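Two complexes come next, and they have one chain in common, subunit A, joined by subunit B in the first and subunit C in the second.
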Partner chain A sequence: MTKRTGSIGDTLTLLSLRGWAFIVFAFIFAPIVSMAAFSFNADRFPSLPWAGFSLTWYEQVFADPMIRRGLVNSLLVALAVAPLSTAIGFLAAYVDHRFQFVGKRLYMALASLPPTVPVVIMGVAMLTFQGRIGLSGTLFGIIAAHVVISAPFAMVLIRMRLAELGPDIEAAAWNLGAGPWATLREVVIPFCAPAILASIFITAAVSFDEFMIAWFISGQNETLPVRVLALLQGQVSPRINAIGTLVFTTSMLLVILAQALAFRSKAGRR
Partner chain B sequence: MSVTILELDGLSKSFDKQSAVSDVSISVQKGEFIALMGPSGCGKTTTLRMIAGLDAPTEGQIRIWGRDVSQDAPWRRDTPLVWQSYALFPFMSVRRNVEFGLKQRGMIAKDRTVKADEWLERMGIAAFAERMPHQLSGGQRQRVALARALATEPELLLLDEPLSALDPHLKVSMQTELVRLHRELGITFVCVTHSHSEAFAMADRVVIMDKGTVQQIGAPQQIHRRADNRFVAEFLGASNILDVKVLYADASGVAADSAIGRLSTQAPALKPVQVGEALSLVVAMDRVEIARSLSGAVNQVPGRIAMMEVMGASITAIVETEGGVTLRSQLSSRDIESNPLAVGDTVVASWDPASAYFVAH
Partner chain C sequence: MMSQKHASYRADKRRFAVLIGAPSLIWQLVFFLLPLLFLVMMTFWSVRNFRLQPDFTLANWTMILNAGFFRSAYLYTFSISMITAAIAAVAAFPVAYLISFRLSPAAQRMLMGLLVIPFFTSLPVRIYSMQIFFSPSGLINSALIGVGLSPITVLNTPVGALVGYLTLTMPLVILLQIFALNGVDRQLVEAAHNLRCGKFRTVISIIIPSARVGLVISFAMAFVFAFGDYISPQFLGGSNPPTLSILMADQVKSGNHWPRASVVAMTMIFTLMAMMGLLLKFAYGRSGR
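For the complex of A and B:
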């Protein structure tokens, strides 16, 4: 059967499937779209009719020193977390790929554990632990906590790429006179480059969005999501829409970049 | 002439107590083309990997130019390998693949590009220098793999099933090319293959392995003329192998009793045989002649043609004998023209006693 032939029944099925997909996506994206739309609304209340285009809320967001500081904190943390957790994730994945050892399954289970721990528990644990070692309330504390939860994402991404490396490629490098370090530098890392970049973006996004743990341990050094909650608790302001749109756009951009890199690396080979 | 470049001395390897290679000793001369051949799982690839240092021997030594290298890391040996999977670096251009070994030896960028391009030229793939491996055909990848392995001008080249991933029509031309390359370079090739046509066509000497041990080492013609044991004769698949019992043996030959009557050879047995001992008689299929009637000579077996197998220019007549044993006779199409045969014909199969021999059962 070719695509062209088909009864009215087939057409109806196709149409209703499309309709269903549309409804699902609308349900998911409607709040985000309306948030973005109202962030440009001149009226201070999020209601129709639309009162006209305005950048007031964005101006106010950027004029607020607390929000600015939150944004800067979030960016600094994400900037530090992305390379750190990617490096740790890479090493964890490479150890799994390269070596056979007793307790390897336990090692892999432990390495992938952090994102499965409920964030509230993780937040409380981080707060008590970091409070003891005097790290609580500092940006370093948030960075450390975010590295813990985002490194497993990096590990999974890079591990998938390493699985495509094939058993002969590294051995071929050794065979041609490259020692283990030269092989890592000239063969393994370049081969994993797309996954490494993708994981830099993903871990940045994970950190940039993360609220719960940051809320527990950030103290005076609020990150942007923590500041948003503080704002929400005080008043309902259209500035929230503006911040939300900014955060959403940033995260989406990072995730899309990561996806594009991961996809391109798959399509390019073989 | 004969200078030993590579010596395997009592080489053994077990994986998790499972023996893969046991007590393999081979001595390879400089400039020789050696083929390691055997069924899958016979240990030929493990032997090759041990020479390259990719698997560590459990016992024994590997000496290159007399020096024991069995404890050396793979990157400290000069034993480039042409992989069955080619194992080209997928994210590097063809040229950078070929440059890789040179770079590891500290050659500066300009020189290694010149060198790499020379090899690409020589292998006839200079036009693909900028391409990525996935943009090449199998035959082209094979040439890149060869250029990459040869770029550092090694004295010893290892090849793991170099032709198995190629299309049939490419196999033959690449086979010729490997032989030409070997002759031109004058270096030593150690090649693993499961195909005896490949091994016999290319190698100066063939090592036949089974279950991790060496079964026979020799020049192709020599092995073809006389297998050392029943496994080799069966593996080569070109002989009739008959179960016999020795009647008497002396310096001029052996006579034995079989299901198809009394058979004899003029070649003396390799090892002393006892009267009454059970042995296998090996007769190459192309040595078995077909006649219409008995002539009174030795080794004459009457039978009936059960089947005629046509394989290109050669035809195998399958003769069912009165003793219930099947004999195969390989004939050329010219033989058939001068002496037409058909299924169901009553015939006499025979062979010259000088061309048959006994091996252990």
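For the complex of A and C:
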């Protein structure tokens, strides 16, 4: 693009655009920065100036048996949700990539729509249904619900990778006498490995952070985000910041791992 | 012999397809579609002596649809979601434009990476931070008093809820708008510039029309997210006035009246479907110029 040299008006526009963007980014990131900063603040009441560095709130978080139980539940749920939703998402993506059949649009709609339903509605639907079949209040109930909303993310991630698999490669494997299962095992899954790993991390992060559905159905088996909601209903507590920072660090690690894997796979293709 | 082998090969292939296709179908049927269908059925059930009973009554529908508290909650939820979507779309556009058209690819990648971070940061904790910022003796009011202005009351008002809705929707709206703007044909923009069309006029008459579908989708998503959110109106709006999501949660958590909560859920689903349909029609409708 030909850059016309510095009309004053354009410089001013650019400056005000940057100024506005700065304000919007400050609005988005101030709560996150404040969360991390006040989690290390010695003072109970979050105000400036900062009262000094302290790990008190982290100690309190780990000393609280209910928070510890919430953390364990969240980890157990995420550990189950990640491989399950990735497997289900992979298979749905492979169906989309491989087969043509009547009703495929419906099939794919069912496989991709769950995240578009507001979580508060999902929560009530899951509660009434799971309550009826005796699943609400169990960890498996939470896992089942989280797989529903996470599998579509895995499906999309893996579907993008499958789109890069040329149509000839599977055909070549079949011509060489490999059955469909062998082709899937020896060709398709290795090719999708980076996307599969990435979606294991992403779905774990989605599940680990989900609070609304779990709030409705977890009953006595609270997950960590549900515990946070309970703390929010009480009074000011910097423990919320400490938990938030811990969850944030965990999720970001998972996302960065996923990103690194996706990136490596792109570089590897060249 | 040969045809028999062929037939068994085809049966193998079919079994393969069924086994591959089944898990997603079964899981989403059982744990997604069935609960939603059950929710529809639930709207016709009754509650007697605090116990849920299978029934076929329209009582829940008439009760909720005629209730003053439902109507005002519906109007409030709908209007504040529209306001959220409008503010988010307008506030995000200059940012998306800057990132898509005026920054280097490296800066663009970095800022888009930053915008993903909020999705993996607990919303309740971010809302808690906002509570602290806007509390009567919080940072915002201290700053206002510091420069000689009078303090403002944001918590437990609709403006508080709006702050929460924007916290929730802004990152998504900016990202969607960047995607929309990145899809605009750069040669068209350059041609407009070469024809001495000013930067501002190019935005109005070239960029916005060509990115219309994506821009409308960003508005629609902001509406959908705000309409269903429970955290912002509860913890920043102080459920004052209550939204549909708060009505639902209350009916379930304290009222223990699941059928009525299901009716509220149905009205939300209908509204969202109608809005999406209308907005998508608007987005695609006039494209055949």
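Convention: the second predicted complex is superposed on the first by the 244 of 270 C-alpha atoms of A that agree within 3 Å, B and C clash if a C-alpha of one lies under 4 Å from a C-alpha of the other, contacts with A are read in each partner's own complex, and residues count from 1 in each chain.
We adopt the following convention: contacts are C-beta pairs under 8 Å (C-beta built on N, C-alpha and C of every residue); 3 or more make two chains touch, one makes a residue touch a chain.
The shown structure was predicted, so the numbers you read here are calculated from the model rather than taken from an experiment.
Using the overlay on subunit A, decide if subunit B and subunit C clash or can fit next to each other.
Once subunit A is superposed (C-alpha atoms), there is room for both subunit B and subunit C without a clash.
Touching A:V119, do we find subunit B (first), subunit C (second), both, or neither?
second
First (subunit B), second (subunit C), both or neither: which does A:P190 touch?
first
Classify the contacts of A:F216 with the two partner chains as first (subunit B alone), second (subunit C alone), both, or neither.
So A:F216 only meets subunit C here.
Given Cα centres, how many degrees, to the nearest 10, is the angle at subunit A formed with subunit B and subunit C?
It works out to roughly 100 degrees.
Name the chain, either subunit B or subunit C, that contacts more residues of subunit A.
The partner with more contacted residues on subunit A is C.
For A:G179, decide between first (touching subunit B), second (touching subunit C), both and neither.
Once the two structures are laid over each other on A, A:G179 reaches both partners.
Look at A:V228 in the shared chain and tell me whether it touches subunit B only, subunit C only, both, or neither; answer first, second, both or neither.
The second partner, subunit C, only.
Just how close are subunit B and subunit C at their nearest CA atoms in the overlay, in Å?
The answer is 5 Å, the least C-alpha separation in the overlay.
Which residues form the common part of the subunit A surface touched by subunit B and by subunit C?
In the superposed arrangement, which is not itself an observed complex, subunit A uses residues 179 for both subunit B and subunit C.
Sort out for me which residues of subunit A touch subunit B in the complex.
Contact set of subunit A toward subunit B: 166, 168-169, 171-179, 182, 186-187, 190-191, 193, 268-270.
Within the complex, which stretch of subunit B touches subunit A?
It is residues 52-54, 73-75, 78-81, 83, 85, 87-92, 100-101, 103-105, 134, 148-149, 152 of subunit B that touch subunit A.
Spell out the part of subunit A that touches subunit C in their complex, as residue ranges.
1-2, 10, 13-14, 17-18, 20-21, 24-25, 27-32, 34-35, 38, 46-48, 87-89, 91-92, 94-95, 98-99, 101, 107, 110-111, 114, 116-122, 124-130, 132, 144-145, 147-148, 151, 155, 179-181, 184, 205, 209, 211-212, 216, 225, 228-229, 232, 236, 240-241, 243-244, 247-248, 251-252, 254-255
For the complex, give me every residue of subunit C touching subunit A.
Residue positions touching the partner: 12-13, 16-17, 20-21, 23-25, 27-29, 31-36, 38-39, 42, 91-92, 94-95, 97-99, 102, 111, 114-118, 120-130, 132-133, 137-139, 142, 166-167, 170-171, 174, 186, 189-190, 193-194, 199-200, 224, 227-230, 235, 245, 248-249, 252, 258, 261-262, 265, 268-269, 272.
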